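One structure is given below, represented as structure tokens, and several questions about it will come after.
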């Protein structure tokens, strides 16, 4: 409801200089945009956007970690200063936190016809941003179980349970340092609803993970770096993000993934315009550009994460049939149904849970 | 030091105190212009401190420093026309020999220094080594660079703080001659600090003997040597035999002393003790080389009127040029005697009974209250 | 060195080569047991290297080292009954004086060392300083600790590598006496390296003079001094006047030499040149202290049969004990003459015409092919 | 005595030149020289410590912000919750320091006494790895220690891994994600900090002392034990401190080479600060670590008897 | 038997060489893999020899910017730390003054402090002061922790320097400033250079303090590697790491040779 939004603390109309300044500063995760096969410094879709719109994009791959990055820009946000960025790509829970603090600018649908028409319906509403007033999904993330066939000596790994208890995986299983993913998947495995859980349930899940840690079942908690170790076989099985798995499969036939019976965790990485950003309209232009199915398909073909744009499947098929059929990129019905979103947490709950989780991962 | 000579350096009531330790007692000192002046003294007696006050590297606690007629007491070192040759040379290791030598000239704004540097290096015979770094030179060569670096500035006074201390004996003797030659050639006032008495005597026109922060005696080398004013000077400048005695009578120009059961004669004008009254305790001094030594059997040949002592040779050591005897006589356990080796002296071996004798004119008399061992080096340990 | 004495150290055909530089030429050397043996030579002549081969700190390139009857050539240093007093003392800075001294004893497994350490510290007169660290000692005291640390082990041979080099003159003379006393007391073979010839002469029973890696001459100090075998020895051990001459005739026990227009006589048995035929070039040597100097006006007093030369005094320098003259004579530009200062010599000032004369028995003859300046120190610069 | 009677005590006379200005410009010189550095350290080292001290007794949440409430419980909480981390940090750092000493000593010794004209080249080799980023090198270790790698294979074949496994240093025939890997990583990272001070104190030893010891019947081993080592103690003390202190606060090695069971206090501080954003806890842990190190270092220096560290 | 004696004689050299090997092994691996041509994003198995990455070291997006930033920060912080540290070292080595002990420990303390502690406390300061994390904050932090190392290096050099040399300069008509510029400074230079080199190395290498105090868009080379390590390290990282290693070694060795050569020519 629009009346509410005005009251969100700290929100005010920030002046937009898009008309005068045809430029845009974009902070994204590393390796999260298509690059030219021959020249890694060229980014085809982005280059095309710049050419078509006449907006010069300064593209930074400086997001490695939601919380860490948020910590770095937080002082400016709190002080009501510009973060020096017009678009930031945050995971949904972090985007939610910015919205709650009033540190994200409300987007104008009028500037984004493609978004309005092409966004997959299931993305149109989200717990952290009801009605998608502030954010636009860049990609969908599915947290699944992946394993290296060679390292498990052919054994299949099909569940989180197996990661936590299977003797044959002792010292070779890994989970993620992201609390949402690891605890969420464990909760699902325990038959709990990760979209709505109690603190006791959370504690039980953490205790379960702790036991695996104590048994030396779990080798490490990783960020994105599980990829390298899974590829090498130092990690035999782990929680993984779908997009990574797809990419790994190109290169390593031993990599397999499984969508656990009990469900998987599902999230989005969202683009948002932080408070005091100078070029909101330019940002909206870029978001709109990437919601053109053709552009979206091109992006998805490279990053291999779930594409939130309707109609991209057909475009993708033109590029690569196999990819278009991969449920990890364009999910099928079954896949969509098995996905769960982690519960929306307020700041205090998040601190409490993060703190508990920190102890499990050893830090 | 005669009054008609122009003074090169005059120190007036100068003293230096570090905390509550007085390194240099208030003293006056006047160094004639163009002379070779030596400051001699044991380690720690304040020689370096005195020199540093002249150079301006140390501010005197009291007193004034004059160069010629100019009071320079409050001038910083770089404004004084004085240069120093340091004991450890203090050559700049990062500069070549010629740059070391040119340093002072350049600081005074000279642009064309080549000629002067070349000349002075010629003077110290280092021309061919001008481009070397100090580390590539031998000790003697470094010493000469240090000297060249100082004299090239034609200072009014050149201060030398034990410049030869680090050299070995042979080299040292040679550098002494060299230094003397250069001083004669350039005519600058040299103030030379050393604790090698032979060095001081061969080189200097005037010697000041320092002890515990004060000048004990000052004079020409031969004067100091022949008539030392105190036990310290007598022992420190060369070796002396100091025999404890008592004045027993005065006969005309001579004093008669009694040491044990021996009678010694001493010219009255060579008596330095304040009182010459009978019964006064004195030290009767005689230099080892002044004493003739002969076998007891040969006693008859002792000239009439000579002071004589009898004793036993405790030790005889051959040093090449001379033989040094240590003779024990009843009231003087260790008398040193030097005999130049001309003809080999038969029978003068340890254990031999001998008679020592000397011309009384060579005897000198000192105040008997002093420590007869002052300045022998025993106290330095 | 008489053959009947037991050999303390015997070096047989020993030599040492560093890369392509030969530091010690093959040489034989036998050091009598219980003697005070001095190795004398200019800097770099191989003294230290020889000593280190005896200590086992350097492996000889060829030859053998025997201690008594035992071949120790291949024994490592810690297995040889030999100790060294190093030039820089090499005291262990982290250990107290007594622990330094006890070091060797403890390494040989002695538990009760207290008594021995105490005794040896008594010997070197350092008892009260036993608990100090080396840094808290003066140079002379450190030197004595180094000595005590070595002799407490009662080694068969004690090696001393310029142990007094770092001390100042006065202290050095005193330590020489001390060392000599201690050697006499403990009776150990001392092999003492020095380049101070006076030190070697006063202390040693036997001296070996080394030059460029070989022993030039070996003998008792007086023997070496009075009859040097080469120009190097003559100049290095004391000072010598070497006059280029030619044998003109042989008369009985004497050779008659001609130098310019002067006739000099030389005892045949003091002629070291291989040939004594007429016309042979020789260097006629005479020590400065053997020469008497008198005024030309006084010429009549020259004893009959003395060698005599006439000349002009170029320089006279007073050193206290003696006066050193430099006399120019037509065919010998710089003759040194030492005259002990007994009675002051009137008229012997620079410029004076003098006659020099000496007993021909003191003349020595050397091979005329040598550089007359060898060993004077001029070549060391 | 000569006639040089001492003049009356040195009271400056009217015409005497003025004594040098007491305390003038020269006395102030050191303060001017120090001013910039000290100011810098005060503002960016001492003041932050003060801020952290105040932060460590704040309470609140990352969402609502923290305020100073003298919440001392932060310390007790940190102490009780992270006791294991503290213990592990100290132990790993100590083990790494010991290893550094054992590995670094021969190298420092070799450079000081046996390297001849290679000395400077070797010294550069010791520092040069710094120029290849620490992270790259640690990642390279990950590579070298990899489960399927040749090193694990070789050690396994020699049954060395069984030995370390019984000691609890490794797990399941692997090196990565074990205490051993973390300790080796720490050792590797801080080795230059051990070698440099060791070298500089060894280099100062007069080689004649070695010869003197041999001459006094000491076997080579005894020479080392009785002379070389005691004389290098200042270097040992400086080296162990420069290794132990940073190692105890490191988190990179534990993060990259360790498993959850090997995380150190640095990891906890880093996560509390950068991820959980619980600044008070992070600050309290920092102070506890500082205190622990201060105590250990003080005791150690007392025992080692060396005041002169640098 | 002979082998045994050889081993015994050269035990130290063998152990030292092994230690050196341990120290350089990772560099060797880094170098080796800089010539790899990985088929995937992950440069962790040997594929085939290629100099591709060497011919295009900036091939990975952002890498050269980060190297540039690192060099910039390294140079600036070295410059500042060396200047401040040298001044302080002079004060400590050449003057006795009140409060010397306190100053000494303030300077020593940063070395006696784990990096996280410093990093966190400095981070706290910046947060409290609402100072934007970025270039300035990194620079400030680097200068702070390099400072102590410079002071120690320069102080050691000055302590070994004969104070007589300065007196000699003053005696030779050099005023205080000239004595400093002409004599003291050139002689202290090796110490200053050592301090500078160490601080440059430490700055280039630093992860921990940088991580706590860098801004979102100031990615130093180590921070770039940190980010890349999560996603797959490009070969170019190995190239740049190896290149920096070799450049450092070569520069120092060239300086060495130059010095030797000059000395030899002079003699």
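Letters A, B, C, D and E mark the chains as written, and numbering starts fresh at 1 in each.
As a working rule, a residue touches a chain if its C-beta (ideal position, glycine included) is under 8 Å from a C-beta of that chain, and two chains touch if they have at least 3 such contacts.
Given the structure is predicted, the values throughout are model-derived calculations rather than measurements.
*Asks:* How short can a path of touching chains from subunit A to subunit C be, counted in steps?
*Replies:* The distance in steps between these two chains is 2.
*Asks:* So using the touch definition from the top, which pair is joined by more C-beta contacts, D-E or B-E?
*Replies:* D-E
*Asks:* I'd like to verify one number: the distance from the centre of subunit B to the centre of subunit C, where each centre is the average of its C-alpha atoms, in whole angstrom.
*Replies:* Going by mean C-alpha positions, subunit B sits 26 Å from subunit C.
*Asks:* Cα centroid separation between subunit A and subunit D, in whole Å?
*Replies:* Inter-chain centre distance comes to 40 Å.
*Asks:* Determine the centre-to-centre distance between subunit B and subunit D, using the mean Cα coordinates as centres, and give it in whole Å.
*Replies:* Averaging C-alpha atoms per chain gives centres 56 Å apart.
*Asks:* Any idea how many Å lie between the Cα centroids of subunit A and subunit B?
*Replies:* Whole-Å distance between the two chain centres: 93.
*Asks:* Send over the residues of subunit E in touch with two or more other chains.
*Replies:* If we look for residues of subunit E contacting two or more partner chains, we find 44, 127, 226, 229, 233.
*Asks:* Among the residues of subunit B, pick out those that touch two or more other chains and give their numbers.
*Replies:* none
*Asks:* Send over the residues of subunit D in touch with two or more other chains.
*Replies:* 146, 251, 270, 274
*Asks:* Show which residues of subunit D lie in contact with subunit A when the two form their complex.
*Replies:* Counting only subunit D, the residues touching subunit A are 61-64, 81, 146-148, 171-172, 174, 176-177, 251, 258-263, 267-268, 270-272, 274-278.
*Asks:* Give the list of subunit E residues in touch with subunit D in this complex.
*Replies:* Residues of subunit E touching subunit D: 11-13, 15-20, 22-27, 29-30, 33, 44, 83-85, 87-88, 90-92, 94-95, 97, 103, 106-118, 120-125, 127-128, 140-141, 143-144, 147, 151-152, 155-156, 197-198, 201-202, 204-208, 211-212, 221-222, 225-226, 229, 233, 237-238, 241-242, 244-245, 247-249, 252-253, 256.
*Asks:* Which of the residues in subunit B come into contact with subunit C in the complex?
*Replies:* Within the complex, subunit B contacts subunit C at residues 42-43, 138, 140-141, 165, 168-171, 173-174, 195-198, 201-202, 221-222, 225, 237-238, 287-290, 292, 317-322, 324, 338-343, 359, 362, 376-378, 380-381.
*Asks:* Give the list of subunit B residues in touch with subunit E in this complex.
*Replies:* These residues of subunit B touch subunit E: 55-57, 76-79, 82-84, 86, 88, 90-94, 96, 103-104, 107-108, 131-133, 136, 149-150, 153.
*Asks:* Looking at the complex, which residues from subunit A come into contact with subunit D?
*Replies:* Residues 65, 67-68, 71, 170-171, 213, 216, 218-221, 232-234, 346-348, 350-351, 354-355, 358-363.
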